[in-house]
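Dropping the structures in below, format is structure tokens.
Two complexes follow with chain A in common, the first pairing it with chain B and the second with chain C.
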Partner chain A sequence: MKLQILSIFIATIFTHNIALTYLLGMCPFISLSRSLKTAWGMGLSVIFVVTLTGALNWIIYHWILVPTQSELISYIVFIIVIAASVQLLEMILEKFLPGLQVSFGIFLPLITVNCVVLAVSLFMVIRDYNFIQTVVFAFGSAVGWTLAITIVAAIKEKLSLSGDVPKGLQGAGITMVIAGIVALTFLGFAGMVAIQ
Partner chain B sequence: MKKLHLIIGKLYKIKYLTKFKPIFNVVDSIFVGVKDTTDSAPHVVDNLDTKRYMTAVIVALMPATLASIYFFGWKALAIIFVSYAAGGLAEVTFAIIRKKEIHEGFLVTGLIFALVLPPTTPLWVVAVGVIFGTVFGKEMFGGTGRNIFNPALVGRLFITLAFPSIMTTSWLKPFTDAVTSATPLTTFKSMQVVTPFSNLLLGDCTGSMGEIFRLGIIVGGLFLILTKVSNWRIPVSYLGSVFILSWLGNTFLGVKVAPPLFQLFAGGLLFGAMYMATDPVSSPFTKSGKWIFGIGCGIFTFLIRNFSGYVEGVMFSILLMNAFSPLIDHLVIELKYKPVKK
Partner chain C sequence: MKLMKEFTKGFIKENPVFVMALGLCPTLAVTTSVENAIGMGFAATFVLVFSNIFISLIKNFIPAKVRIPAYIVVIASFVTIIDMVMHAFVPALHKNLGLFIPLIVVNCIILGRAEAFAGKNNVIRSIFDGLGMGIGFTIAIIVIGAIREILGAGQLLGFDVLPQTYKPVLVAILAPGAFLVMGLLMGLMNLKKK
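Coming up: the complex of A and B.
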């Protein structure tokens, strides 16, 4: 059991990285990887929100949707839960921790549309995780996503100083190329740990 | 020589030939030499320009190259030729379209790329790999000195993943024509048999063309370190961390992990540590960054070799650490040169 949780955590970061293997969460990945600071800020908020909504959605799915046999509407419920909890979180932060809210800035509302959040909730249903596994999976996925976006942001910062990217490729184009090569290198971990 | 310089100078002023100015420039600078300073990495405080730098690397690669030609004959020659021709074509095309100089960095990339291939690689795969590596690994980032990843390894990685059966199952022993799927590392993984060290050192084993004559690689690597072309920190920390980790693993996990000396000499580890990880452009610039880079390469190589589905992890680990190196540099600078808070 303990080993399985550890292997889920390692797998979500290296072998089944949600950004580099499943190519999820690409829109903030491309637009926010321009500087290391924004990438890091976005990453922190993603870690926080994904872990929170993963846990919430597990509780709602298994305690409400399954007993009432209404798994069919899980998509809508998950989306509503994600949007509502992000809004709630922002209000709470604004009231009690304004400093943290300022440092999260624009990223918190943006996360509502980050597909990593929904994907984690859906994976947890497909793979039939229990509560602890879900929390570890959600946390690990978000850490993996943050790792990927920080790597790419650091590369792009270096490129903006020393690179000479062809005109047509600047911006999103070169980000896709970098992300592609990084994703290829992450394939080296394939077969190290297995999750469902 | 001066005459040649003048003739070339006149040639590219002819109307129809202006477009090909980069080609004339490179011919000019190879035979005559230029006095310009470098405008991109690698920068060195010495009377050493990129060209002498690259020449040193090529001299250091000579033992491995000559050994591969001696071992595999025309196959090795053809692969090196195709690698230079196809990659050079990509390089020249970019230089002409973008109106840039042709950099001699390609002379190293083309040779290293050929040397890390299995001797049975079909020539069209060689061409695909070297073009992918040059275009996506180097030209898209702005050419020599601006690349993030090692271009030869990007090409090698692409063809390894695209044509796995060609790239990982057909190896040759020197002087023979019998294709085998066994390399020292795979025989250890399946049967726990350690290949004798003399075979590994002198090249009497299967493997990529340039990586099996390990005595020559050690000599070449030492030459690079002694002439200060490559930094000693990366090979030392890379080889050291692989040695220590596999010693620990072999002691505590038993036969699943290969013994340390065998790991050090098997596969492409020596070649990668001496010639590819030390690439001054795609490794960190800071000294402590170089230590971290080497140790990271060692950890990833150890993990991938012993615990993943792949037998050899040198290529993956160097590229992974290439990806990490801007982040490492950033963090090192941030931690070391923290602005004083008032």
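Coming up: the complex of A and C.
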């Protein structure tokens, strides 16, 4: 049991990285990987929101939707939970931790449309994870996403110093190519652990 | 005449994928073959048109503060419908696309059109806008899908198009290939524009 949880955690970060293997959360991935600082800020907010909504959605799905046989509306319920928790989090931060709000705040509204958040909730249903597995999977996926975006952002920062990017590729193009090469290196982890 | 303009602007001038870099998740993830791309394009266009119609009908009743959650709920409802329809009629395609059908809910193109267009315009114009944007999205992912399928499998829509001696570059249909093909295509489009 413990081993399985550990392997889920390692798999979500390296072998089944949600950004580089499943290609999820791409819109913020491309637009926010301009500097290491923004990438890190977005990553932290994603880790927090994904873990929270993953746990919440598991509880709602298994305790309310399954007993009432209303799995049909799960997409709607999941997205409402996500939107509501993001909104709530924003208000809590504003009220109690204004310092954090300044560094976090601009990224929070964007998270609702980050597909990583919804995808984690959908994966947990498809793969039939229990509560602990869901939390570990959600946390690991978000950490993996953050790892990927910070690596790409760091490479981009370095590249902007040397500055010899071909003309057409400047902007989103070079980010894609960098991400492609990083994804290629992550293929090297394949086969390290297996999850269902 | 004006309607025609709303319809065709999504094809090239305001192409949601190449020009606005929106909806990148499905663009990268389901373009391993042309068949998947067509299925995804169809599903997204359906959701786009119907959510545009519905949102433009109810726009006057939604308080401005909660409009984004309201839009998302509308979109999620239509995604649930297309998910069930595809599950019933094209189960193989539905299985291939898998997670990416429910993920249309968070596709930024659809929410973007709802916020930027359907929430401000009448029903007829919203229909044309949705159709045009949907077709633009479909064209873009079919192009990427075709390139990746030809490079990665030597096939197009499942038929061999390259000579037998061609060794498929498998990486093109793996995740890194998606990034590389898309990045180079964007670069090409940018060069062309200048």
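Convention: the second predicted complex is superposed on the first by the 195 of 196 C-alpha atoms of A that agree within 3 Å, B and C clash if a C-alpha of one lies under 4 Å from a C-alpha of the other, contacts with A are read in each partner's own complex, and residues count from 1 in each chain.
Note that in this section a residue touches a chain if its C-beta (ideal position, glycine included) is under 8 Å from a C-beta of that chain, and two chains touch if they have at least 3 such contacts.
Values in this document were obtained by computation on a predicted structure and should not be read as measured data.
*Asks:* Please indicate which partner A:L184 is in contact with in the superposed arrangement: first for chain B, second for chain C, both, or neither.
*Replies:* both
*Asks:* Touching A:G144 in the superposition: chain B (first), chain C (second), both, neither?
*Replies:* Neither partner.
*Asks:* Which chain, chain B or chain C, ends up touching more residues of chain A in the combined arrangement?
*Replies:* Touched residues of chain A are more numerous for C.
*Asks:* In the overlay, answer first, second, both or neither for which of chain B and chain C A:G171 touches.
*Replies:* Only chain C is touched by A:G171; chain B is not.
*Asks:* For A:F123, using the defined touch cut-off, is the partner it touches chain B, chain C, both, or neither? Pick first, second, both or neither.
*Replies:* In the superposed model, A:F123 contacts chain C only, not chain B.
*Asks:* If we overlay the two complexes on their shared chain A, which of chain B and chain C does A:G43 touch? Say first, second, both or neither.
*Replies:* Once the two structures are laid over each other on A, A:G43 reaches no partner at all.
*Asks:* State whether A:V113 touches chain B only (first), chain C only (second), both chains, or neither.
*Replies:* second
*Asks:* I'd like to know which partner A:A154 touches here: chain B for first, chain C for second, both or neither.
*Replies:* Only chain B is touched by A:A154; chain C is not.
*Asks:* Output check: A:I30 vs chain B and chain C. Expected answer is one of first, second, both, neither. What do you get?
*Replies:* second
*Asks:* Would you tell me the residues on chain A in contact with chain B in one complex that are also in contact with chain C in the other?
*Replies:* Shared contact residues on chain A: 166, 169, 174, 177, 181, 184, 187.
*Asks:* Which positions of chain C touch chain A when the two form their complex?
*Replies:* 21-25, 27-29, 68-69, 72-73, 76-77, 79-80, 83-84, 99, 102-103, 105-108, 111, 171, 174-180, 182-184, 186-191, 194
*Asks:* Would you mind writing out the residues of chain B in touch with chain A in their complex?
*Replies:* Answer in residue numbers: 40-41, 98, 136-137, 139-143, 145-146, 148-149, 154, 157-158, 161, 300, 303-304, 307-310, 313, 315-317, 319-320, 323-324, 326-327, 329-330.
*Asks:* Using the touch definition from the top, list the residues of chain A that touch chain B in their complex.
*Replies:* So the residues of chain A in touch with chain B come to 36, 150-151, 154-155, 157-159, 162-166, 169, 174, 177-178, 181-182, 184-192.
*Asks:* Can you check the complex and tell me which residues of chain A touch chain C?
*Replies:* Against chain C, the touching part of chain A is residues 20-27, 29-31, 72-73, 75-76, 79-80, 83-84, 87, 112-115, 117-119, 122-123, 126, 166-177, 179-181, 183-184, 187.
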